[in-house]
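Chain naming follows the written order as A, B, C and D, and within any one chain the residues start at number 1.
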């Protein structure tokens, strides 16, 4: 047990799993010699050799497409896409093949592979490096999508993803990579895909969110607790697909109020699915309309606007105030 | 491009240019007969509304069948929608081919090292490269071979696949059937390169052009490229020059975009007739044997169709069952809903 | 004025617009000599020549990517993607460039282009020919998405799309292509993007839908009118992006009940956004939870299951019954 | 591949091998100096937190600047993130280049025929092909030229762009700066082909290899390819062999993946020094003039930085204003919300 930030937790987990399962291979751009642009795969090339830690040419469709072949051929590939905004060339492989091979082969073949990608704003990078693109992924049947909000969850989700017989996209919030450290157990443990986490229980209102928004939601909750004594429940969705409808529904049936927070644009964002699901689950318990706090319906702007784009504590607090005001 | 001469084993009159296994040749011939009979049957079934949209291999039997004969069962076949002939040779039961044509399955059978046919053009070439990587990594003495058409060479995934294969030097073959057309688009509108084989230059890999209507040449070329790949000498792009004698699919009307004159010229080089002539010259085939083969083929196909049609309606649950290995509750719930409705 | 089916309406509109605006070019696979696999561009090559009706090589990313260059260079390209399920290789171009070029150039450059694609089940085609993929598109800021449900709307939406200075994806329901004829005016008229259509007014419940589901919704409404005297309002969304929130909100504020119908899978489908939007617009008027009738969360299956997959009249009627039963 | 010899005009000591416009040479030199000064300044600003992640052109000044000199203002430049030097030559005001580096704009200026820099690798090559189609269709005597790196040649869009260009025979040039590296990936891991120029074979188009550190050779090669394209003789893939002497971007640490020895070998062939030697030999450049140029460059850059930094904070509305030509009500509402919040 030791204190780790998210990059360290991911790195050590990959290393552990590589030792544990010889079928595991890593592939991606600059993950070998360079250790990945965020150093998640630092030194793994030295440790495991270039057959298992593969610096690929620059082609995302090929990374995902060859990984599918590898998986069918008996390896367990973990792909790194350098930034989520560069996954788009691989969407065809994900939609047409990775997510369908099991159904297409009547269960005989599976795409036991993982795709890791950093995402979200926060490092003043050039355009397209900050996209929150989970909305394209959560609508693909056959795929799973998970997003950790802490080092410990990052480890547990990564292990669950690697061990899953179906394809999992693990989205890693760039802003959380080195934001803080926490105790991360050394054992191999799993955060089961399909389970949300109650970050803090509360009676008055549910804030349903994930990734880099979780710490912001906590800050807003603390502020409102102090200011008005409101008891805010925070639900970290963690597994967007499959979605833990039960935990979400329970939370809102208890509180009767909900705010949904994500960084991706509003329209067609995953917040719409959360809102729909929660409404289906808890319609008769709702005391106020659910409010979505999201990025605006604009492409992620050049970084000078970054602070405007990304939801912040004040916007979240304001939305909670809105749903608390009703009735 | 004299760098890419067309490899031929028989001339168009079926005279042998270099040696190959004659017994294999007869087997190949037999399966070419079967494939033709299968396509003819399926076209009829389609007109009767008993199968949906379907892509026959008419005119491409040599390329389809002989290429598959050059593989071992341990090799991975990575086909596209037109390759039921190759799949059959590689072990896919006839019944499964028919199930696919009837929209009841993904042309896959457990135990056969072949992926389900890929519909989106060129996407599957990457899977072949990944499979080849896995074979190499696990030191299996086998290769992966992807099947695709001339049109597929225009897609980005074609490029990425050949490039990765070159860099990785994995045992993969890219078997391109240049049948002259991608639906209505002739090859010279598909690319400005003189041959498709020369595209190999871009990846520093081997490129070969073979007469795709010369079954024995196809067999030899694939066999040699396979040997080379197994030996660790890298991937090969094979361009098999052939001709699609029939429609692209049953939904296609080729008279809209090509003349009957063009078709006639090419059907005169029919690969079945050509191999037949050769086998007769070699004393391996007789008219009686040929007619016997045709009868047998039809019989086997009719039996298979009968078996498949006897299976009755599909079950709604099979639409849900295999989306994930362990179904999430939401899909389970949907499955139940749909089952309930199916009993209404 | 003459009676046309949707293919004829689209064909004649393209021909009219080509005559009307010399900047218009068409590009796509098999659209020239072959007239398109559904014959929407039949004979246009003969009429306008191969410089303006371009049979492209087989590459969707290139079709969309070169179209963007053409648009910036002063042409008005209308692309045909042979089936919507083959748009996926072009998603990167749509997400990264087509939808962003205006924002990226601070308004100076625009992607005045149209992408047409047939979609949905119904013709017993091989896999991947029947995908309803609007969910990937409606979450792209900067893009517009429209879906006609009748020949006359097909014409009006196509003209509006061609004249729009921003990129529009026009999705054409395969099942409606030749389903029926109606009067289509010969004049050049527009169906403004961003406007829904009340197909039939009603007091009791709103069925919100689009494309090939519209006739099914009508059939269900007729059935329920006859059987129970329910007065069903049918709203054809028509323009998914931008969405006509006002018309949708008004309808549900009036009826207090809503059923949303689309063929695409449930999770993350556009129905979630409609549900969210309508709930935001009409929360205090809702008398019952909104119900979504959609395809299941599975990849579009081989065609033997097609009738199971696609929503039908009985499922829609059943859902209407559900929302009518509450309270 | 002796089919693709490297074209050179100066040898590494700066001795002229064939003639070119000497006045142009001096201008090119001056802008190369400016580009180096700009990159050095921006690297400093980045360390001070005044600009974000930024990609300098250190070592690639000849390829950047001379290629752009070979274009006319009516040509479309289609750059990627590293091509601020070329953009500047093509007319983009220095201020805009700085605005881009400061994350305040998309490196575009009205009236300049250049697209905003493309971040996703290779995607923009297709735009160049489309622009070239439009130019040809409208009978404009101009070309489009896309800028990209060695790594970009692996992406599917590279392939599709060159293939479309070949089939359409439109006036487009593909200017590939092979700077040895794609972040940490060396060229020989990027592709198994010996040269990048030979990839042109796959498309039946011309491929040329030029010493990218020889400014005059770059100029000549681009100029000739441009002429050819304008005359309707089709597209060219130009591989400019150069070297990235600095980090990939300010976020990159090249010591992780390459030796200082390698870097030293290449910086010894510095393109600025080389062109400088040549100009001195030709009597066009003196030490004084050179120092003057350096001082002037720094001054102009400092002034531009000053102007840009004086602009104050960005306005929230500019994030919304240009998403569509006519904003839908939902975005208008969001804009208002955000404005309200900005006054909180």
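Operating definition for what follows: a contact is a pair of C-beta atoms (placed from the backbone, for glycine too) under 8 Å apart; a residue touches a chain by one contact, two chains touch by 3 or more.
Keep in mind that this is a model prediction, so the values were computed, not measured.
Placing every chain at the mean of its C-alpha atoms, the farthest one from subunit C is found to be D.
When the C-beta contacts at B-C and at C-D are tallied, the pair with the greater total is C-D. A straight line joining the Cα centres of subunit B and subunit C is 35 Å long. Averaging C-alpha coordinates per chain places the centre of subunit A 31 Å away from that of subunit C.
One finds 44 Å separating the Cα centroids of subunit B and subunit D.
Spacing of subunit C relative to subunit D, judged by their CA centroids, is 40 angstrom. Shared contact sites, meaning residues of subunit C that touch two or more other chains, fall at 57, 59, 61-62, 85, 88-89, 92, 96, 103-104, 127-128, 141-142, 243, 267, 297-299, 301. The multi-chain contact residues of subunit D, meaning those touching 2 or more other chains, are 105-106, 119-120, 154-157, 160, 163, 167, 189-191, 318, 323, 330-331. Residues 29-30, 32-35, 37, 55, 57-59, 61-62, 85-86, 88-89, 123-129, 266-267, 296-299, 301-306, 308-309, 314-315 of subunit C are the ones touching subunit B in the complex.
Taken in their complex, subunit C has these residues touching subunit D: 25, 51, 56-57, 59, 61-62, 64-75, 77, 89, 92-93, 96-97, 101-110, 141-142, 144, 165-166, 194, 242-243, 245-246. Chain contact summary for the complex, subunit C toward subunit A: residues 61, 85, 88-89, 91-92, 95-96, 99-100, 103-104, 127-128, 133, 135-136, 138-139, 141-142, 241, 243, 264-265, 267-273, 275-276, 279-280, 283-284, 286, 288-290, 292, 297-299, 301. Across the complex, subunit B meets subunit A through its residues 76, 78, 105-106, 108, 110, 115-116, 118-120, 123-135, 137-138, 144, 156-157, 160-161, 163-164, 167, 318, 321-326, 328-331. Interface residues of subunit B, counted against subunit D in their complex, comprise 154-160, 163, 166-167, 169, 189-194, 198-199, 201-205, 234.
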